[in-house]
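In the two complexes below, subunit A is the common chain; its partner is subunit B in one and subunit C in the other.
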Partner chain A sequence: MVPRTLVLAAFLATATLTGAAAKDFRFAFQSDVSSMDPYNLNEAFSLGIQGNVYEGLTRRDSNLLMQPALATGWQMMEPTRWRFTLRPNVVFHDGRPFTADDVVFSATRVRADGSDLKSRLSSVADVVKVDERTVDFVLRAPNPLLPNEWDTWYILSKGWAEDRNATRPHSAQSKDENFATRNANGTGPFQLASREPDVRSIFTANGTWWDTKTHNLTRVTMTPVAVDATRVAALLSGQIDMAFPIPAQDVARLKANPNTKVLTKPEVRAIFLGLDQSRDELLYSNVKGKNPFKDRRVRLAIYQAIDIQAIRDKVMRGLATPTAMMVGPGVAGFDPDQQRYPFDPLAARKLMDEAGYANGFRITLDCPNDRYNNDEAICQALVPMLARIGITVDLKAIPKVQYFAKIPPPKRDTSFYLLGWTAAGYDSLNTLGALVMCPSDRGAGPFNVGGYCNPEVDRLTVALSQEADQLKRAALTREAWRIVREDVAYLPLHNQILAWGVRSNVDLAQRADDILDWRHITVR
Partner chain B sequence: MAAGSLLRTFALRLVQALLVLLAVAAVAFLLFRFVGDPVAQMVGQDTPPAERERLRGALGLNEPVIAQYAAFLGRAVQGDFGVSLRAGRPVLDLIGERLPASIELALAALALALLLGVPMGLFSAMRPRHALARIFDMISLAGVSVPTFVIGVLLIALFSVGLGWLPAFGRGTVVDLGGWTTGLLTGSGWMALVLPALTLAIFQLALVQRLVRAEMQPVLQSDFIRSARSRGFSERRIAWRHALPNALVPLLTVSGLQLGSTIAFAMVTEAIFQWPGFGLLLLQSLQSADIPVLAAGLMLIALFFVVINLAVDLLYLAADPRLRQERPHAG
Partner chain C sequence: MLASIDRLTPWRPAFWLVTLVALVVVLPGLSPQDPMDSAAIQLADAFTPPSWIASFPFGSDDQGRDILSLLLHGLRLSLGIAALSVGLSLLIGVPLGLIAGWRRGALDSLITRLADIQLTFPAVLLAMLIDGVLRIVLPAAQSGPLAIAVLVVAIGLANWVAFARVVRGSTRVEMAKTYVLAARSLGTGRGGILFRHVMPNIAGPVIVLGTITLGTAIMTEATLSFLGIGLPPTQPSLGALIARGQNFLFSGEWWIAVLPGVTLALLIGLANLAGDRLRRQLGGGAGSGV
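Up next, the complex of A and B:
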């Protein structure tokens, strides 16, 4: 590719010309985005990076609160018809004006084959252009949370996609890349200048952005660095200005160094244990003819045998907040006052006796070893804790590529497993619908691996999905989570604490969803 | 050797190479059942199970292994190695982008190893009791026994974090010469090359030093060296002109195979320095169960070794005059 050399040369030239005024920001994450096509992968890091280039009708501020972006406002005309008013005088990076046609086009594209973000518009039956500045969304059924995830449904230019033959989303199924894989044309505060996948991507500030600039950057360089030690070393040596994630063992070192600092914040994701409560006999246990996890007392015994403080202090080195909830802080319905069942091995032992397992039993615990922070170490710590109540745990820790082939449906090849979940749209409804609702053929409870079922929770979840009133939503959510806790449907462990390493001369806002928003970065 | 027999050797090698490639692909596909589910890495948390299943079907992952193998071979003979599941781009493009980085790194490491290792080995063989020879032996002992990742991390700690002289990762600024990206034309490229090349070279240097020393010791006892000494040649001339050529054949073999394995298997070093080479690509592909890249990558490695072995055999002919004579045919 010849242009790359030219682009590089052009950069070197601008770097010398602009001199001191140029503010470069170089950062490293542990991997690269798989594609610049914003419909390729529904995952926080990719969408977060793309969100500096592309914009949705809405966006989120650094506290995850929803704001208008490409739409200036919206209203529910009737429960199944929403009207969005579009922002005037917005242009894409290539100079094309942003219009209602782009929204209609993006709605079609995001629902096309190969898109991983179909869920963004799953309740939408029809998208109608009313005029150049107005678009109506006609729904199949009422959905009060319609725009909740639209901060990551990015709008592409219809004209650009058609000219560049990128009207269909990039996916491995499509057998080839399209122009949007390594190029981008959004309306956002930064534009993609050059991209070498897995090596380096360079972005420049968009001088014609519609909003008031809150950053002082001229250029952003993104490089993936997979090995933790190297990422930390590069930050310490000043080769980069920011690195994430920072492993727990390096936090103290970066804090002690005068040139670096560490930002921490509890993450929206919850880490928890799940138990097979649906099979009549467990796949991996020595208990035959019955399933001990169908007994609430056994589930509670395991819960109370877990010394969560020890896991926090010893395994996580303080980088975790123990939780009683299946959703993290920042998610609607998260209740910081909800208490964990206390750590009490004696009470746990007693519960085991009452349930008829005074002699304990043997169980296999499935665990990923490269997905969550210290995932395997957490599971290792559980082995002696559960041994104290007579449960012999055989630990099976495997890489995530194998783990996610084994644990989720259709296989559900586990009796006892560790998993993490982030509530999409930052509302409890997503977690309740995906993990808690009784699994059905019609697609309810798609990731309810343990098969927990309670008709009352299902009823509350369905009601929540149709309720628009905020107060009533809060009440429904609170009641649903109360029952989940009462039933010991899951054993929540903690929220990981995000750790970002930053050079001392950089100021930025840390988001609880681990997304780095360049709008909030200033380099001194 | 007559031209006819050379041609025959070549044809035989070609057939062997094809068989090796077929076998490697077959073994690879047998193993792919255990690498995991690539679809789990290709979709987000909320993608429903039914959609995942549909994707698996569309990608042919539900086919029996033998059918996947046959489909792969069928496309491979037409030069189509498929699309990476992780990157969604043609596999050959990905490998083509990564190979220059690995080849440059491997050549730099080998050059470093030979430039330092041969003189060290010669010295150790000629003056085994000298204090310097013992130091060389110790260095090479450390070189073969300390794992690569320890060396790499130590070098980063010293030269990047401690002294701030060299970058901790990356390849610096590269220049694209019509599809071949090189870091050798920019200052930052050379700076970035130093630490990973050194990391790789330390092991090879130890190997070269020990090999040269071991090969030279019997040679130095032989009659023709003694007669060279008696004719009053300098020690330096005896070492470089008379003795060393006798150690060249094994040195070439080992260097050739080393070059092949550093291009193919420098995964650890490439990962530590985030060196955008072939080894790092394989590692990333393994972590995401990217079967098309793994299959093509393993075939390429097999091809490498076949070609290198052939090249080494041909170099033997150049290095050892005895092999050039027509041998009497048995039977």
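Up next, the complex of A and C:
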């Protein structure tokens, strides 16, 4: 008979061993991913989470520099033909090998109806499989930045998608689902173990990942917690290891607690207001028969009525940098010298008078309430500011799930809205192409909700998309942003300063695009 | 506790009702700031702590609105919505109860079963459901005055059952009394008996129940607004204010959540006290008071 103490000792030893090896990481964001299907919604948070399970041909390191991922290298054969060499010996989570067929399939799928990421391959005319490990991309026109945004164009397994009847993406604007909505099969460092939308998703480390692992996690649990105070309380009590975003009012408290720390970093995203400038009559206003936002003076009046400093000090408590740009610092084309139109309610009133709206008008402002830091509070702060120039604002703040089904084209069911945008590829070209270019059937301006159109900006953007020379790119970008500011196409507000709350025993790299990359997490 | 205070004070229930009405009519006019006039709100004033000597005696919220003014207007809104919804409950519940108590038979069974089924759902849940459905049917109800109407309908529909049951029971008792027999032998029609003779005799319990339901309705409105599905954020609602304030409890700005919470507790206590006193005065059997 084995002595009891020995059994106990052996049991304790195994317990300690597994305890040391099993590293759980639990975190909370303010909302859930829209879907596990990586073509469902072009939104940084969802793409960021999916990027731990799926991988693109390229990826970004923690400093946002581009690295090869599923492609080991690429070269421009001619200006309109790029050749990508694929990484050998990569397998999907279900065991299927990664081949050129998967890349061709994913290129078709990402451009299919229902995909929100068509823009990733908008310049690509044809995708040709050369052999099992080589794929050629044939372009409509030269595009020197081709792979820049491909860190968030994830590759799906052709065989898996076909077996599971998920060959077509489903749109965030519809309630349709397919197998890929709640299941995932990527090549990434983590695989989806279980998913309950809006409750909890559990991921486990992928033991057969092709790359050397830089994390020490075995399991990751993602729990959406919408209420700021609850998220902070969960972090303080140790129920979770990491929470973001941290509301500005709680930063000091988390810093003071010995078990928690706060990481801050200026974010590349720009938060801005958009105005419907294309419809002849606004959907949600008491002005009938004409659209006041077509008048630059009205747009400028709203711009100048916004006390951005008060929003920074009171709503954001310093965790924001007011900006005049639609792109954030770190994005190619960001110009720190571009000045905001000054806050001047008197000038704004005068502009309203000149435009013929001395008595003001009524307008509905659409706003998400769980997407950006203090989004609803920002919108609410705008109500009195605009009231002082005669504009009565009806505020409609809704969760992002409903918001992103309502605001983007084709619905564009808004007259006045708040949105944030991170330039994918970290080049102004993405923002200009998605938000500023005149919307067209060819896929230009997919997020240009307000329908701002200026042929000159379109011309500059097209030229920029084909220009390889850095100096000329900078000049084109500068000119395009100058016109956008001159036209008051959008009303930029600020760049958020990211605040992540982390338990002291966790080390992680904070990316400036607010994406939590689990590859860089270690738990002590 | 409120009941024992009530026992110590020799005041009449009328006093409590007058207090409630005064809260609704007089106080908002005295508020230092009009929270509905958004042009008067300065973001720079946000997060001012309560201080008796400053311009914000109860402090200001995260948008720079005066909490005292918000409370006074919020009280009016809460009481108004609650009163209207109790009115709606009365309009539905009393006739249905009268009919059920008078007709018996299939119609009685139908009404009582309907009431029983509805009773299996908590009132707040039901109000949420009605609120949600109405908002889908009427997209304009997301903001503006229609949002208030939707709330009134949602809360009113959720609370009619209690009235129907009390009225039905009382009607059956009254119908068996001799004055009904006397009226009948004088040739009075059934409608006349029901509305001219029976209804005044069952008014007591209904009034008492109405006052007590007022407290429940106030709480339901606050709950819905707290959950963010009641009034739009620009309306001064006690529930919405508590929800907003709880985000700042950790960071030391306690007054944004605590002061509306205390106000809400006092208001519901007052409504219940009034109901309790009325019950003793009118001798109604409905409700057990606080």
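Just so it is clear, the second predicted complex is superposed on the first by the 307 of 524 C-alpha atoms of A that agree within 3 Å, B and C clash if a C-alpha of one lies under 4 Å from a C-alpha of the other, contacts with A are read in each partner's own complex, and residues count from 1 in each chain.
In this section, a residue touches a chain if its C-beta (ideal position, glycine included) is under 8 Å from a C-beta of that chain, and two chains touch if they have at least 3 such contacts.
Just so we're clear, the structure is a prediction, and the values are computed from it rather than from any experiment.
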Is A:K396 touching the first partner subunit B, the second partner subunit C, both, or neither of them?
-> second
Looking at the overlay, does A:R388 come into contact with subunit B only (first), subunit C only (second), both, or neither?
-> second
May I ask you to decide whether A:V227 touches subunit B, subunit C, both, or neither, giving the answer as first, second, both or neither?
-> both
Please tell me which partner, subunit B or subunit C, touches more residues of subunit A.
-> B
Does the superposition put A:Q239 against subunit B (first), subunit C (second), both, or neither?
-> first
Name the contact category of A:H170: first (subunit B only), second (subunit C only), both, or neither.
-> first
First (subunit B), second (subunit C), both or neither touched by A:Q249 = second
Taking the two structures together, which residues of subunit A meet both subunit B and subunit C?
-> 227, 229, 233
Subunit A contact footprint on subunit C (complex, rising order) | 37-44, 46-47, 62-64, 142-144, 228, 232-234, 246-251, 253
In their complex, what parts of subunit B are in touch with subunit A?
-> 34-38, 40-51, 53, 55, 58-59, 83-90, 97, 153, 156-157, 160-161, 164, 167-171, 173, 175-176, 178-179, 271-274, 276, 280-281, 284, 287-289
Complex interface listing, subunit A residues touching subunit B = 1-2, 4-5, 8, 28, 31, 34-35, 40-43, 116-119, 170-177, 181, 196-200, 223-227, 229-231, 233-234, 236-239, 370, 399-405, 408-410, 421-422, 424, 430, 434, 443, 446-447
Quick one: in the complex, what on subunit A touches subunit C?
-> 227-229, 232-233, 247, 249-250, 252-253, 307, 310-311, 313-315, 364, 369, 376-377, 380-381, 383-385, 387-388, 392-397
